[in-house]
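Look for chain A in each of the two complexes below; its partner is chain B in the first and chain C in the second.
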Partner chain A sequence: MMDVSLPPRLGGIADKLNGPNTLGNSPAFWAAFAVGMALMVAYPLVQGSYAAGQTSLFLVYGLLALSLSLIWGYTGILSFGQVAFFGIAGYTYAIVSLNLGGVFGQTVALPIAVAVATLSAFVLGYFMFYGGVRDVYVAILTLVVTLVLETFMAQTAGSEWSVGSVQLGGFNGIPGIRNFALGVEGASISLSGSGFYWFVLGLLLLTYFGARVLVNGKYGYALVAIREDEERTAMLGYNVKKVKLAVFTLSGALAGLSGVLYATWGNYMDPSVFTITFATIPIVWVTLGGRESLLGAIVGTIIIERLRLWFSVNASEFAIVFVGVILMISVLVLPRGILPGIRDVYVFFDKHGVREGIDRGRETVQTRVRTLLGSAGVDVSETDTPTGSEEVVE
Partner chain B sequence: MSTPEDINVRQKPAVAATGGGTETILATKQLTKKFGGLTATDSVDFSVERGELRCLIGPNGAGKSTLLELITGQLSPTEGDIYFDGHDLTDMEPHERMDAGISVKFQSPHIYESLSVAQNLRVPLERTDRDIEEVLEKTLDRISLSEKADEPASDLSHGEKQRLEIGMAITLDPTFMLLDEPVAGMSVDETADIAELIRSLHDDGMTFLVVEHDMEFVRKISEQVTVLNQGSILRQGPIEEIESDEEVRRIYLGENA
Partner chain C sequence: MTSGLGATGTPTPLVIGDVLGALDSIGVPVPQLLQMADSIAFIILAAIGLTIIFGMMGVINLAHGEFIMMGAYITTLSVNVVGLPLPAAMVLGALGTAAFGAIIERTIVRQLYGRLLDSMIVTFGLGLILTQGTRIIFGNSLQSIGTPFGNVPGYTYSGYRVLLLFAAIAVLIGAYLVFTRTEFGIRARATIQDPETARAMGVDTDRMYTVTFAIGSGLAGLTGALYAPSATIVPSMGQAFLVESFVTVVTGGSTVLLGTTLAGGVLGTIDAIFSNLYGNFIGQIALLVTAIIVIRLLPDGLTGLANTIRDKLGERQ
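Now for the complex of A and B:
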């Protein structure tokens, strides 16, 4: 359910953050957000620089998830191509920074890499949207482009595949990418561990606020309108192709930024970023967190990646299977995702009161579990549950 | 009813829709659309005068919807041209045609179900530099949905959804309105509401082209009727003449009457 109350136009940037197209706009939301942010900022101080460095990867992925939330969650275009722009930017950054060398080379490589990713998204988007590719065909085409990149990059092992002094390296990829640094020789900052963590957290926060302003502004209506009914929106005078191209390009740029940070985080770049597994993972993050929620995309990313890390340490072969199971459970229990689910619960208790809310909630859960077990062929007799109510309470 | 002059300042109503001295607002020249071997519209020369309220009738498969979609730009013609209010529409994108002053209401309600009623009306307005709150209030009043402004559009009845979509289409102050079976599936009361809404917009000078099956509704709103059959114009004229025409009765009305 969208927030239907329209905030008074008070002016100021803080006011622009709230609006009909974000789920959390209340003071309670912002209070919880502030507490969450404080914990995130304090994390390196508690856990130490090494852990912060490891965790910063999740925040890097958070940017990638935001890019998918914008194009898929808000505009309704399912793209498997976010990792393609992510990888293109990562490779470009590696090639440019290693060729130029030095801190200055790294500084210059950042905008160049993001620009190349943005341009790639623009070109692909132009041919798709102006060529009349729609709906599921966009998903297929973006996936194909990603897989073609994987195949191509994987066969670049020979020494003939080099750009300047950098060899593309086939399956092994490009090693030796240095930690993130900005500036010129003598006056530069190099970021790793806690410093990199805070830097990425800051970027993620800025991007999140930027995206909130975007979706709650004039443009946001166009995005949601295109998601809901493309034909109607065109017949209300919107240049649908142009809007779709603009959002696709913007989300390509965000994915590119994420890719650059990824390359500097791991100090290498290889074709695994173009695999079907990695292309699918952002969809899982965003589905779990709630695709119509920007913050949900980030939260989903952190949860999944945390679990993936745990599984890969403790049961490495099954990591991706567990992720699949988690996705299936979340789709069954919280079809709209975790954050919209939490908001629905909050609204539910707000409406019914705590006491009645708990009763109704219990009935709902019992009914759902019984339906689920029943459909799975398990014999569910009335004695299993004391209340025995069949009423579905939504 | 709010002051309609503010919503529609472009045209004065045509005094006599049937009479001479009026100006052609829409004209198709030899308009042909083929789908493979099927000719949906066959060299149609069709025109609508400014300020007119024209109904387009015909049996299923006569080419009514095709003609409508050629005008909105959802389809592009195989041959022929479309002119509208000084523009050659033939190669224009749908959104450019809307900017030229055309608006459309689809047959089944195309509204944004997850948005509120007011937000639905905001979508077309956010793009423009018009005074959103003012137009919003007037439009809500005009389509009699002021009380439901903040309700989710998915909670509206079928008739209310149809009114809301007409509301969305008129926020942009169109000169020419296309309606595809605006009362399909509606109750008698809902049909009367729509008829009154259309008549009041027409009185303010809006030109209408209405595709309709319901002859009673056609009689209620329109004086001029065009009958399409097998992709060509069969007859055109005042409603009384059309209804008494032998061939029209045989081909079309015979089935309904």
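Now for the complex of A and C:
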């Protein structure tokens, strides 16, 4: 729980943020979090507006990662379709804002785009969850929907494919989307560079806190219960289908918001957001960072996107290979992700002390490597296996 | 099949042409039938490897499309570079992919039994590596090896693609025989149904999983090999099979061969009709909508429906 000296109302909010379903509830965590936030806020002041503008894309993606963490990490529903809602919202925003024109058009387009993405998620979710579609079938159907959307958007090159004055443009997509702006003519704010960065950072922070409150509340317990055992949750009287539909719709809305910001960030939308490659990327972020950790999803996003940026500059053809390798390694070696891994290590050393901890850690690693090699058919049994090497205890 | 070569200058199995001509003369809409046969063959072949691995092992291999691509690449390279005759190259394509599948099962998939979604993700990562790795090594495309046999006489329709329907049927029958009539098939199905009892009865379940995964991979490779002569050989070619294969798995339900056959028939017909009338994209949409409707109405897929009907008939007797 947070500092006791907080005023009662603030303390109440802090209580809601903390709980067993999120990593990091200790004052030490919140102190580190505050330092991290301060660095993030100061980033544009140090690196300048252009760099901040570039980096804000990572934060936009962070929203997409949060949406996947909610639906997959907490509810156990693997959705390849988050990028579909992301793309649907981006395209809707482009079409509406360019048709209406002006700042007012952009202001109106934002809620419309998010609403369309939300509605798409609701309809797809309704058919899936109330149709009894479960487990891998959800993953397959969401992937198929995304791929079909790609096929559709890619063949809209002709002039007959236009909505109002906006042509969908096939592979070339829709150019000329303007920077993010809110307000009416004469009284508006337009955001780019540092301004856009701070805006997205604030939005991400709010969403993160909101998601923390959600997963640590009663609803969050229901989500985790569904992930752990769907039948039992239903037996306890929860309306599993309804809860799944609700969280799927909510995560669709979040992905949609991310898509709108993406469209205004890059000033264009094209069908590449529906490709199988882009559909994988959120999975990679969340897997690497720790799917059952909201903060992990964001941290994973920033790490992967930084590295992808490096690859796209230095060795662009290896970028996808790298993504695939990271995905395989993190599932096989670090299935719970980086952040939970760090937490485990912290708890481990806290319990055993440093010296003993190192010894035990070495044993654990040795045993794991031996198991891994053994299952691959490599015989390493000549060294005597230390028995009873302890697994990491939470 | 080679008996028809040369004599009339149309290097196509004449038997097929004759049969089709006879059908046409009694008023059967042959072009539409050919289109339908093509779609059904495509869907069955696209899905068979995926459904065997999923139905027998419960693992969704998201690198399925890339296994198909691998079969096509091995076949094409064997013909273009090594100079093997096409049938030998196709066999090599299937076997090579099967061997690769066995290695992947031993090293990677094995770690993830019981972690269904994780195995999906890992194979997805594998797919990305294979696609991009192929692009890095072999470039953006390979020179394709022309389609054998030319057109069906009297129709603007490739005779080779007619043969693919027979290949699809042969694959289904072959898989059926392997899994129901051989010692291996019985052991494999025992492993799927109850691994612990199977182990207690002396079945090497680890080996069963490896072999089953290799068979599924090999069939994906065979599909790639069979489509190599008529497809554009690019690293991302596997993705052309993805939508169809996944929709088939979803629609077919849990019983592998029955599900694939039923789903292939239903979806192939629907695809043929819609693709023919409105183009490829509408065809895919129609498949997707069909899959969603089927799942909405029949949670166990077409197999569930077939089993229900069989049970009802059984009660009546």
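Here, the second predicted complex is superposed on the first by the 348 of 394 C-alpha atoms of A that agree within 3 Å, B and C clash if a C-alpha of one lies under 4 Å from a C-alpha of the other, contacts with A are read in each partner's own complex, and residues count from 1 in each chain.
The rule we apply is simple: a residue touches a chain if its C-beta (ideal position, glycine included) is under 8 Å from a C-beta of that chain, and two chains touch if they have at least 3 such contacts.
Computed from a prediction, not measured in an experiment: that's the story for all the values here.
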Partner contacting more residues of chain A (chain B vs chain C): C
Touched partner set for A:139, first chain B, second chain C, both or neither: second
Contacts of A:240 with chain B and chain C, given as first, second, both or neither: first
Touching partner for A:206 - first (chain B), second (chain C), both, neither: neither
First (chain B), second (chain C), both or neither touched by A:221: first
First (chain B), second (chain C), both or neither touched by A:38: neither
Touching partner for A:317 - first (chain B), second (chain C), both, neither: second
Chain B versus chain C as contact partner of A:131, first or second or both or neither: second
First (chain B), second (chain C), both or neither touched by A:345: neither
Residues on chain A engaged by chain C in the complex (per definition of touch): 78, 127-128, 130-133, 135-137, 139-141, 143-145, 147-148, 151-152, 155, 276-277, 280, 283-284, 287, 317-318, 320-321, 323-328, 331-332, 335, 372, 375-377
Residues of chain A touching chain B in the complex: 1-2, 4-6, 20, 218, 221-222, 224-225, 228-229, 231-241
Chain A contact footprint on chain B (complex, rising order): 72, 74, 93-95, 98-99, 103-104, 106, 110-116, 118-119, 122-124, 126-127, 150-152, 165, 168-169, 172
Residues of chain C defined as touching chain A within the complex: 54, 60, 106-108, 110-112, 115-118, 120-122, 124-129, 131-133, 135-136, 239, 242-243, 246-247, 249-250, 280-281, 284-285, 288, 291-292, 295-296, 299
